[in-house]
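Chains here go by letter, A, B and C, matching the order in which they are written, and residues are numbered from 1 within each.
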Amino acid sequence: MVQMEEVIIGKASLAPDRYFSPDAAQKAVALELYQSVAGLPLVCPHGHVDPRLFADPEYTFGSPTELFLIPDHYIFRMLYSQGVPLEALGIPRQDSRATETDHRQAWQLFAKHFHLFRGTPTGIWLREELAQLFGVTEKLDGGNAQAIYDQIAAGLQSPEFKPRRLYERFNVEVLCTTDAATDRLAHHQAIRDSGWPGRILPTFRPDAVVNLDTEGWRDHVLALGEVSGIEVTDYRSFIHALEQRRAFFKDMGAKATDHAARSAYTSELSPSEAARLFQRALKGQAGDEDAFRFTGHMLLEMARMSVEDGLVMQLHVGAYRNHNEAIFHRFGRDMGADIPVQAEFTHNLRPLLNKYGNDTRLALILFNLDETTYGRELAPLAGHYPAVKLGPPWWFFDSLNGIRRFFDEVMETAGLYNTAGFNDDTRAFPSIPARHDLWRRAGADWLAGLVVRGVVDMAGGREMARALAYDLAKAAYRL
Amino acid sequence: MVQMEEVIIGKASLAPDRYFSPDAAQKAVALELYQSVAGLPLVCPHGHVDPRLFADPEYTFGSPTELFLIPDHYIFRMLYSQGVPLEALGIPRQDSRATETDHRQAWQLFAKHFHLFRGTPTGIWLREELAQLFGVTEKLDGGNAQAIYDQIAAGLQSPEFKPRRLYERFNVEVLCTTDAATDRLAHHQAIRDSGWPGRILPTFRPDAVVNLDTEGWRDHVLALGEVSGIEVTDYRSFIHALEQRRAFFKDMGAKATDHAARSAYTSELSPSEAARLFQRALKGQAGDEDAFRFTGHMLLEMARMSVEDGLVMQLHVGAYRNHNEAIFHRFGRDMGADIPVQAEFTHNLRPLLNKYGNDTRLALILFNLDETTYGRELAPLAGHYPAVKLGPPWWFFDSLNGIRRFFDEVMETAGLYNTAGFNDDTRAFPSIPARHDLWRRAGADWLAGLVVRGVVDMAGGREMARALAYDLAKAAYRL
Amino acid sequence: MVQMEEVIIGKASLAPDRYFSPDAAQKAVALELYQSVAGLPLVCPHGHVDPRLFADPEYTFGSPTELFLIPDHYIFRMLYSQGVPLEALGIPRQDSRATETDHRQAWQLFAKHFHLFRGTPTGIWLREELAQLFGVTEKLDGGNAQAIYDQIAAGLQSPEFKPRRLYERFNVEVLCTTDAATDRLAHHQAIRDSGWPGRILPTFRPDAVVNLDTEGWRDHVLALGEVSGIEVTDYRSFIHALEQRRAFFKDMGAKATDHAARSAYTSELSPSEAARLFQRALKGQAGDEDAFRFTGHMLLEMARMSVEDGLVMQLHVGAYRNHNEAIFHRFGRDMGADIPVQAEFTHNLRPLLNKYGNDTRLALILFNLDETTYGRELAPLAGHYPAVKLGPPWWFFDSLNGIRRFFDEVMETAGLYNTAGFNDDTRAFPSIPARHDLWRRAGADWLAGLVVRGVVDMAGGREMARALAYDLAKAAYRL
């Protein structure tokens, strides 16, 4: 059986200077900077890990296919794009029609297409996980698929693979989940009650009740009334219920809220207009334009509440969700069919920033899928407004090139200290070390580039590397 | 006289490691990868070479000015931008007013301004062509202009410069032309009839009959009726005529269609609405909005036909054609006055992709002049929809930096295998080897960067280099 | 006291090969190219230095805080973004409420936050200025703040720090200021009258009278009537008054005009429509749309006048000025709260270019804060229209990365010779050498990259380096 201790601490076959620029001088500096931060604890202020993993001390990840393939739309979308049906990969259908149930078969198909991930961040993370967690150093392919399946399956049996144990071995300092406004946070309560010292914190995400066009919005509002104990009959009680939930989340350790919108549009409605829109929605009569305006208004309300209760406000902008109707109907949400759209912040955020942007009690962290806004809008906004910080490159851009472009386009104008460090933003708990490690390596390489060009000196570089790896995230999220 | 054999196979003075990154380690890997693909046949699935070149075994290119300058808007636009009148370069006017007829004079002017091409792809291609095809290794300037003119003119006399002979010496495997829907493909027929084994295939381009705002649209539709033998009196007969032409092109060896539009807008019209718009156009009453909507509808129709007949569908989006009215009136189309505009794919292509994007019988290859869509829209679309592939960087971006940015922004998300390899997209047949060579070098350098950073290993790099240089284009175009 | 001669000529502790790429081969070439242009005179065709500096031979810069901090929104915006109130930095309020008056206190706060500028262009310029002008080679921080304050204050006492003396020691060849259309150019006249041989030229900037939505527009128009001696009662007299002022500026040595607009929209109004809009504005009834259309029309008028009088036309597009209302009300304009917006040139400039773009008497130099237009619109426009040249990367993008991206995205399509060299665009006269030096170094490094890749040879590289550093700016501005 695999020597877990060894592989987890990185004794596998991967080169110690991987992902750095090839220039020898830069590489040496990058390695030195990287080594100075490689051992720092992992701060995970935003992500989508299921708190159940830690609530249940006996939680197990299932088969290799259940661990790596079925829950990861980064992976199966790539096979789907090459004509592999999702059913053949074991992805469950909504209509419960047949899907592959033999996990070895699905794994075989995945392994056969592993070359598709060449040069992709998913390919890097997978290789890192396979090597670091399971001691798999061969490249996966159709020939070795079953042997590697066996190797992973054996590893997964080990008590070392319980999530709580991994949390400790990964050296995670804190991990924030993302939870619906209507969530009673039972898993978080169970974690607290268990006495286990891991720090798993909830994050307040009210999208389903705030965005009027959410499927089943009225049911979500009903649920909001139930969990808050405040019957939601109008805009006013809606706001009270949200405030109640924020207070509850805060009691449960939450440090932040999270908001997703296709656009960054913000604009304050008059109280009567907000009330009218809300009533229309309750009657099932709200249109697209109503939903758009109400979301824009609620972002201002959420900023107001953040000023008052101190919860950090995250805003994720720019995904056209469920672009592929057929896939959505057959398989549901989060199936690799979310496609970015253009974003705009300068006009859209102005109402919010003019009202709250100068208030240092607000911390607004911006995420975005349109890189053109990095240098043009986001960096100048973060480089001026005290309330604004920039989140790390998101989703498709959490990659070696994506991170490099982010540094390149943001840092000169925003300055390092108006960014919010890293967050892994992942459902895949076992991939967390690989993601942080890639960020730390990319950061070290960027800084090494500044050092060898004489832009910053080594002492400055060290402080910046530590900030990127650890300090900025803690400060930005008030952890 | 020049030793053609020698120069064509690249014994000229150009450095073997040109265009690679300067880092010694990366350069060595790049050279190795490049050499592994440098000798592969050229696959040319999209371009604008006139089939007459191959239909007429005695075709000659004329004077050096006729070969290099007069037909190449990449070149004369640059001189024009610096105040050189197009008339002085021998470009024929539409109104047949005077233009320079002394080709040596025009060449002299070109040579005098040759420094304008420093650092441009045109400058690179010209240098490569002059060296590889004519043994000209001096930099062109006002002083040596006439001597070099003589040297080129002598070369052009050689039987080695017949297009069929060049095709063979360039090691072209297949070359696709671009042909109007109304073209009878007489030259293609002549090539077939001649028994010459070169593979010259037509491509079906119906823009002139599909885009209602084409100048002389009704004449084109009339011609469509004539060549198809289907009188086009309404939308229904129009569709039948198009289907007939597609079948004819396919019989003649076509593998693909090509469609140009300023925007990627697609939206299905009801049959009655389509019929109504078409009637309006027949009466000469279609407005801009009608043309826009009809094109958007016809893209869906073309996708439907591709699903049925298997022709690969190419879509080129984003040029504002004939931006300069004065130049258009005096000299006509393709005079270097086409300027890109912003593009949008996420919303615009959704109707088409929701209808046909999950169908593996469709292959939709996208081209575009707005690089901001690479990472934001195109790569995520190609990385999800089975039908979508990304064409190589187009036009202004078929350049060392343009290719590098394309790799940088597309590959991590789309994956290499959702791209369509290279196509030279040129009218200038003699420039084809230089264009492919630049692509192969740029690809090798990009891959070397991945290898030296430890992202892919050398075995993977070799396969990827071959895919970029050869396999992907053949697969994407079903050649 | 500091040995000024020594530090100004660059004997300070900064590495001679700073800011170059780390590759040894490229760095050697970069250094050689840089050294070939480092000593060339500084051509400053566009900027915001106050002509008073040169009109008054006894002008002094005040305290270190008055020199570096109070006038420089690049600096104080960064501290503000981190929660430091502008009042604490000594920035004067419009309402004359209390602000820090102890310059040493403000300096201490600045020094304490100096690490915020790590990796920013401001950080580079400051370090260069401190080292080159004041011999300060320690990094500024809270500990050495007062000692460095003393060192700078002592330097500022020296006669070497009179602006005229600095002009000579900086080796400035010509410096253009930016002056309102209503300015009587008294300082410029005083400079002329003084017999001092420095070349300080005015630039005609009519924004305040051309943009109907300028605060106090009618007062500006009144002033225009007064200085021109042409009573402005209607559109016709307005145009005459502008023509009169242009002639006056030209007499006073002006070579150029400058125009700022949020968008590049141009569209010609009929004379009656222009007259009607102008009347509406005189009555205080012009709305946002009126102002937008009138500006778009006046850009065409300004191009017409440039064709006639030969003044180079500069157009700066894309800033949302005074984005932060609270800051604007408290502190006024230019407080670091200008945020870029998306720009569009292909459609917007077409009316102007179709009317004047083929006329070589017009020189239109374009500036822009939306880098996405570099390769997509600006480079193709400059690479076609004889009248169009591209200004250097502006504002936030006048930085190491910004310059590199500009070269990368513009040069292949536009060609070097359709760009306008460098301009420092600064209010901060003492920072001018550092800004030009950074440009020259960045240019040398870019060219070295072309040389080591075999794209251009060393002879070409030298000519290009000289063009970037000196020739292009002189030619573009007809100096």
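Here is the rule we go by: a contact is a pair of C-beta atoms (placed from the backbone, for glycine too) under 8 Å apart; a residue touches a chain by one contact, two chains touch by 3 or more.
Just so it is clear, the structure is predicted and the values come from calculations on it, not from any experiment.
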Chains touching both chain A and chain B: C
For chain B placed onto chain C, the superposition rotation in degrees, Cα atoms, nearest 5: 120
Self-contact between copies chain A and chain C, residue sets same or different by half: different
Centroid distance [mean C-alpha coordinates] between chain C and chain A, Å: 40
Chain C, residues touching no fewer than two other chains: 21, 23, 372
Footprint of chain A on chain C - complex, ascending: 14-15, 17-23, 77-78, 80-83, 115-121, 123-124, 139, 320, 323-327, 336-342, 369-372, 396-397, 399-402, 405
Residue ranges of chain A touching chain C (in the complex, touch as defined): 21, 23, 25-26, 344, 346-347, 350, 353-354, 357-358, 360, 372, 375-377, 379-386, 388, 408-409, 411-418, 449-450, 452-457, 460, 463-464
